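Shared chain: chain A. Partners: chain B in the first complex, chain C in the second.
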Partner chain A sequence: MERGIPPRPRSWLPLWLFGILLLCGAIIWKLQLTQFNVQEAGQDFSEYVSRYKSPSFQNLPEYLGLMFQTVAIALWGSSIALVVAMSGCVLAARNLSPHPAVYRITREIFSFLRAVPDLAFAVLFIMSFGIGPQAGVCAISLHGIGFLGKSFAESLERVSPQTYQGLESVGAHRWQTLVYAGFPSIQQDIVGATLYTFDRNVRMAAVLGIVGAGGIGVPLKEAVDLFRYSDAFAILIVILGTLLATEFMSDSIRRRLA
Partner chain B sequence: MKYAWPTPNGRLPRTVIGLGFGTILALGATAATAGMEPGRFRDAGPRFAELIGHLVTPPDWQFFGSLGAGLLETVGMAILASCFAIVVAMPLAILMARNTTPSLLLAYPLRVLTAVMRAIPDLLWALAFVAAVGLGPVPGIAALIVTTVAYLAKFHQESLDVVALGPVEGISSVGANGLARRWFGILPQAVPDLVGQWVYSLDSNVRAATILGIVGAGGVGFDLSNAVKLQQYNRLGPLILSFYVIVTILDRLSDRLRRRVT
Partner chain C sequence: MIELRSVSKEFPGGRKALDDVSLTFAAGTVTAILGPSGAGKSTLLRCINGLETPTAGGITVNGIEVSPRKLREIRREVGMVFQHFNLVPRLNALTNVLTGSLSRVPMLLSLFYAFPRDEIRRAEHHLASVGLAEHAWQRVDRLSGGQQQRVAIARCLLQQPKVILADEPVASLDPETSREVMQILVRAATENQMALVVNLHQVDIALEFCDRIVGLRHGQVVIDDLAENLTSEKLQSLYGQS
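Right, the complex of A and B next:
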């Protein structure tokens, strides 16, 4: 009997595209972006960029010191987040949690911490700490706990049950299965996610200063607000260099562990 | 009884040990710089508790109308920026990936360019765009587009790079070359990854858009910085809760979408 070619599977792509285009159109109309003159904005922007002519490195030692503080804030924030997330993720993994209620509650706490932007946390902490790097560290670590906790818990859930059963079958109890089956299986995920957060946190710490939470953002905001473009340019170069360096560093660590 | 880590020699990998030690040393060296003084934390504790107490007040019901409008604007900004960024990032990634680029001489400069674009945080882009074109959602959308293009281009490039060679060889062997090889051999293999990255970009753009308003680049962040400056706790509480609700809804949606694709 002749079978022939099976019918072409129905594609939903045109429908999706149409819906997305419609949505974008609605947004553009709602935000009244049609009145926006793209050409004029382009001219404005290139004029603005042209003001950043020559960086002035007069205060370079000060900038480098504050950049160091920025990296320190990110490092402390990420480390605190890592320790708390590693201890908490067990409770938030469905297959390892001692009780479904514990699982739900810790999961929700992690999601909440992840959902609130670190800048919002920073603003709250500045209200209680005053201006300074402490607010930045706290804000970054709270957001990081949420992000890392959730991602570790999801990794622990993805580990195949046989890995745990193998240890359970030779009499390991809960802690031993966790330390000798759970964490080794997700070691790569842990390192990857932590490095990603550290990268992200350096970037975040660089802008936390805009709301007053210490680091290189403080002089940057000042320079931009006071139209000192050559200072702002120099600070931007310092930030750019540091961020590229940290990204390169974490990339090479990741490659070594892969 | 002897415990062993499940590696050939039964120990933690050396890189992990080194990283751990290095981190501890670095933490010690930077403690003072990061302001980790117990005194500051003792003082701040009660004040923070008081602040949380303030947040637990009946909300300002009149504020909910403008809060809704602000959230809508925030999400709208994120959606527009993501859509636009996807359209720009796709061709860029094809030019950047080892196996799809017409020439590595083109790929490397593009990779450096996107690395530089990525290195500048979106809030700084927003700060620059606001200074250049004025307040409102447009500079915010522009800032989101710049960072999202840079990220998506890198993620896309990595997904394209690791595509399996078999299928590509398969269609090359029946005569596909150039565009056909890329379109039918390489891209389809990467699509599940790409869709996941698109959804992720929307997710992260919504989160980024909530704070862009702090520098005046549109969205609900403007209300946030106002509420903080004027100490309107009955607005601050609903604001923070609404961040949570919106991000959670998006999380659930994107989880479902991703599961359908992969």
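Right, the complex of A and C next:
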């Protein structure tokens, strides 16, 4: 006897969408977002922006120096994160970890570091060893270790077991298997994730200065606090230029390695 | 060289993959293992290099008793050639061949991709002997299937094992490339006095290249004879309805 196609499995998507819609409605009602007058807000905003008329580049050498410091903070933070993540990711990859407990613990550590915002780490470090770029480097590298460690570990898990098996079959040691089968296979992921982190870290390092963790953020906050709009404008331009430059650089590296 | 004594392997759940198999494979001989899917061909090879542990019986390779504690020692003596080559796709052909020497080169240097000069010379020699000298610096994922399998054979030769186990080495290659690869594999093993055991599902290839043919069915040895005494028709009975 011929059997027909079984009924289509039930999809829960409509229910989810309905739930999300309901939630959005509740938020608007609860926060009374409707009172937010778009026109008025637009006017306020354009009035504020109009204060940034002409940038003043008198202190440009100082800004460039501090911008350099910000990039250095990002670079140091990213490098430390890269080295620690590359050593630690092996323990956090299910297929390579020496023990399931080690896997769980390192995974949780990485997740925790990634979940804590760099800003929170920065505040913590500023309180413990004072204002300055050291706090920024520590904050950024801790967050980066979490992000890169987890991402490398996941990449290592995606490498085909056949690749590892080939190395094991010639009697290779565990570490050799990692160096010859693991890392080359995820090389592209390593480069991509690291460049992404560096890009992000330059942006974060600029912001971290606002809480006192060194770099270009320090004079920016000062200028804004003292209503020195022309100085603030100049600093913003320096930051923007640097961000564009780093992004262009990492994009071109990524393209070359693809 | 390889000796299996009444080897049985029962998987959890009661399926018997190998049932009282006793075989010996001598150095310099080429043996094909034939049989339908699920006859236990792969399990047989996996037991020899310690990837599976038999539930009964014993195996010795080159005088060493196969046991989970001696895994790396056994694997050094046993070269494997796989259906899907199992190379590292992003490394070049020469480096893939060099990994064959990893179990004997200085550990610390090997972690920095540094190999002794004589190992590099040997790797180049083996790569040339499988006809791939000019592809040495090419990434293996840019090579064809037949070329990749030849790189895998060269890696196996650099390992200098006493035994080569090949698990369906030509199953994912076209007929012409299959012949080329089998030729290279058989020549390499006989020249170097290794015992070669090949799982195959192409009867004609087995008859053409192998000295001896072992037929497996439901985990039991039902044929064990020299290839010259067998015919294609006789072997087809292996695959018939039970």
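In the analysis below, the second predicted complex is superposed on the first by the 239 of 258 C-alpha atoms of A that agree within 3 Å, B and C clash if a C-alpha of one lies under 4 Å from a C-alpha of the other, contacts with A are read in each partner's own complex, and residues count from 1 in each chain.
One rule holds for everything that comes next: contacts are C-beta pairs under 8 Å (C-beta built on N, C-alpha and C of every residue); 3 or more make two chains touch, one makes a residue touch a chain.
Here the structure is a predicted model, which is why all the values come from computation and not from measurement.
Colleague: Applying the document's definition of touch, where does A:Q162 land relative to chain B and chain C: first, second, both, or neither?
Modeller: In the superposition, A:Q162 contacts chain C only.
Colleague: In the overlay, answer first, second, both or neither for which of chain B and chain C A:Y180 touches.
Modeller: both
Colleague: Tell me the contact category for A:A206 with respect to chain B and chain C: first, second, both or neither.
Modeller: In the superposition, A:A206 contacts chain B only.
Colleague: Could you tell me if A:W16 is touching chain B, chain C, both of them or neither one (first, second, both, neither)?
Modeller: It touches nothing on chain B or chain C.
Colleague: Counting only touches as set out at the top, which of chain B and chain C does A:W29 meet: first, second, both, neither?
Modeller: neither
Colleague: Determine, for the superposed model, which of the two partners chain B and chain C contacts more residues of chain A.
Modeller: Residues of chain A touched, chain B against chain C: more for B.
Colleague: Using the superposition described at the top, list the residues of chain A that contact chain B and also contact chain C.
Modeller: 176, 180-181, 184, 187
Colleague: Of all residues in chain A, which touch chain C in the complex?
Modeller: 162-163, 165-173, 175-176, 179-181, 184-185, 187
Colleague: In their complex, what parts of chain C are in touch with chain A?
Modeller: Touch list, chain C to chain A: 49, 72-73, 75-76, 78-80, 82, 84-91, 95, 99-100, 102-103, 107, 110-111, 113, 152, 155-156, 159.
Colleague: Give the list of chain A residues in touch with chain B in this complex.
Modeller: For chain A paired with chain B, touching residues are 20, 23-24, 27-28, 30-31, 33, 36, 41, 44-45, 47-49, 68-69, 71-73, 75-76, 79, 111-112, 114-117, 119-120, 123-125, 127-130, 132-134, 137, 176, 180-181, 184, 187, 191, 203-204, 206-207, 210-211, 214, 220-221, 224, 236, 239-240, 243-244, 247, 253, 256-257.
Colleague: In the complex of these two chains, what residues of chain B are touching chain A?
Modeller: Touch list, chain B to chain A: 3-7, 13, 15-16, 19, 23, 26-27, 30-31, 33-36, 40-41, 44, 47-48, 50-51, 72-73, 76-77, 79-80, 83, 115-116, 118-121, 123-124, 127-129, 131-133, 137-138, 207-208, 210-211, 214-215, 221, 224-225, 228, 239-240, 243-244, 246-248, 251.
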